[in-house]
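Labels A, B, C, D, E, F and G are assigned to the chains in the order they are written; within every chain, residues are numbered from 1.
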Amino acid sequence: MNIKPLGDRVVIKRLEAEEKTKSGIVLPGQAKEQPMMAEIVAVGPGAVEDGKTIPMEVKTGDMVIFSKYAGTEIKYDGEEYTIVSQRDILAIVG
Amino acid sequence: MNIKPLGDRVVIKRLEAEEKTKSGIVLPGQAKEQPMMAEIVAVGPGAVEDGKTIPMEVKTGDMVIFSKYAGTEIKYDGEEYTIVSQRDILAIVG
Amino acid sequence: MNIKPLGDRVVIKRLEAEEKTKSGIVLPGQAKEQPMMAEIVAVGPGAVEDGKTIPMEVKTGDMVIFSKYAGTEIKYDGEEYTIVSQRDILAIVG
Amino acid sequence: MNIKPLGDRVVIKRLEAEEKTKSGIVLPGQAKEQPMMAEIVAVGPGAVEDGKTIPMEVKTGDMVIFSKYAGTEIKYDGEEYTIVSQRDILAIVG
Amino acid sequence: MNIKPLGDRVVIKRLEAEEKTKSGIVLPGQAKEQPMMAEIVAVGPGAVEDGKTIPMEVKTGDMVIFSKYAGTEIKYDGEEYTIVSQRDILAIVG
Amino acid sequence: MNIKPLGDRVVIKRLEAEEKTKSGIVLPGQAKEQPMMAEIVAVGPGAVEDGKTIPMEVKTGDMVIFSKYAGTEIKYDGEEYTIVSQRDILAIVG
Amino acid sequence: MNIKPLGDRVVIKRLEAEEKTKSGIVLPGQAKEQPMMAEIVAVGPGAVEDGKTIPMEVKTGDMVIFSKYAGTEIKYDGEEYTIVSQRDILAIVG
């Protein structure tokens, strides 16, 4: 993929329901913040604070839980992706 | 459990009413902020501030009091968990 | 008491009206912010700022004035307590 | 007085109208922020910022102008006092 | 004048319309923020940031333009003054 | 182009729909934040934080995805441009 | 001009429509933020952060684009000027 997120952003690909079941995690449809699962496909260099770059905690290939309403959706080569800040990623799975 | 929270987040398992009574703590149902008890099952690496990681104050196995409305609920292997920031944990019990 | 508050939080026990009178302080019932008196029964390690822990200004046994609407109420061994941030404690009495 | 304010708070005693006139200052009754005069009767140790205590600018006995709506009123030995942050004190008089 | 402002506050005396005309500046009556002219009559020691006092940019006697709605009005020896933060002073004139 | 953005701002030229298709990216018309593609035509020196200039992550000629509602539109030599902060640029493409 | 802006403020003189056309820039009348062109006629010393003065990016004589709703309008020697923070200046032209 030739999309390079800026700062602490990442590009993620949302997982379909069947894939979630295989990984053992099911996210409730009516949860208050509606978390979702996704795979990280591109990672930014990290946010800069006081002149220092904060290393990212996630890497390409990580399966993550993120807040459904976070981020911006884009379409690339016919597939849908979401660009989110790492702050909106709650946890790495597996 | 193979869920690794990011930053200062933790994964917690809420306690049932009977378990609370055994520990000697009862949380009132109509309290203003509705605190609840839970067990910590996974702990993030800690928030990063000015390039330094702040060590976490809680560890796996701790029984904690947290604010009911905080966090995001997930289902994992048929059990319900909540991912919350350590900021929303008020105290360790026992 | 086996409750350890996190960060700059403390556990306090509210004083009854008669106890207040003995200490020489009376807090008006209709005050704008409704301050109340309490005894500190447990103290957190202190907030962390820029990697340094800020020492707490209060200690167990201190009688304090705090803002009535601050904090979270819990019940422990049949008694009611409140968990508040030290920021919501206005002064030490005596 | 045995009340020790925390952080950058001070305990003040509001002045009556006649006292104000003697000091040469009259505060208008309909001013937008309704400033008032008071005497400082107790001073906190100062706020802590980045691990350093910021020295207080006021001391016991100072006559000050403060914003009327700031602070919390308490009654002590039959007298009324107000606990305010030093941030709400505009100036020292005399 | 025996009023010592705290922090980065200053005491100012508003100018009458005729005085403004002499200085060559006229401030429009219907301006969006309604700027006004005033003379600085007392200056605070400066705000404290990270333990360091920031030197003040204005001094007693300076003619300044400030935002009309800023500050707190007081009456002193029969004259009206305003206490404002230096942040609300836009420019020095002359 | 003789427009020099200040701070961490950049001047961008929005791409037409056909150009987007060629690059392989299609941005959905009803996306929640309506991202758009653009080419960077001028870059500011970078924001200043604690006295240090933060280097920019983008450069002239980069194709970027940005949030549609961000920035200020200007017309220059008959062409339309947008001035945005680098914070509103989500990713570099290609 | 004898107006010295404080902090990171500048005094600017708005350009008339004809002047804009000569410089090759036309600003749309219905733009979302309504940018305007102006010439810088006075520059403040710069904002102070952590005890250090941040150097200004603009200087007297610069032609700039700024947000129309920013700043405070004043009249000086029969001419209208605007005092704005450098933060509200988007770019230097030419």
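FYI, contacts are C-beta pairs under 8 Å (C-beta built on N, C-alpha and C of every residue); 3 or more make two chains touch, one makes a residue touch a chain.
In this text the structure is predicted, and so the values were computed from the model without any measurement.
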Exercise for review: Using the contact definition stated above, find the chains touching both chain E and chain F.
Suggested key: G
Review point. For chain B superposed on chain D via Cα atoms, how large is the rotation, as a multiple of 5°?
Key: 105
Exercise for review: Please work out the Cα centroid separation of chain F and chain G, and write it as a whole number of Å.
Suggested key: 23
Revision key, fill the gap. The distance between the C-alpha centres of chain A and chain C, rounded to whole Å, is 41
**Study point:** Separation of mean Cα positions, chain E and chain B [Å, integer]
**Key:** 51
Practice item. Provide the list of chain C residues touching at least two other chains, using ranges where the numbers run on. Key: 50
Exercise for review: Can I get the ring sequence of chains, opening with chain D and turning toward chain E?
Suggested key: D, E, G, F, A, B, C
Revision key, fill the gap. Per the touch rule, the chain G residues reaching chain E in their complex are 2-7, 9, 11, 42, 44-45, 48, 50-51, 69, 72-77, 83
Revision key, fill the gap. Interface with chain G, chain E side, in the complex: residues 24-28, 31-33, 35, 49-50, 52, 54, 57-58, 65, 67, 86-87, 89-94
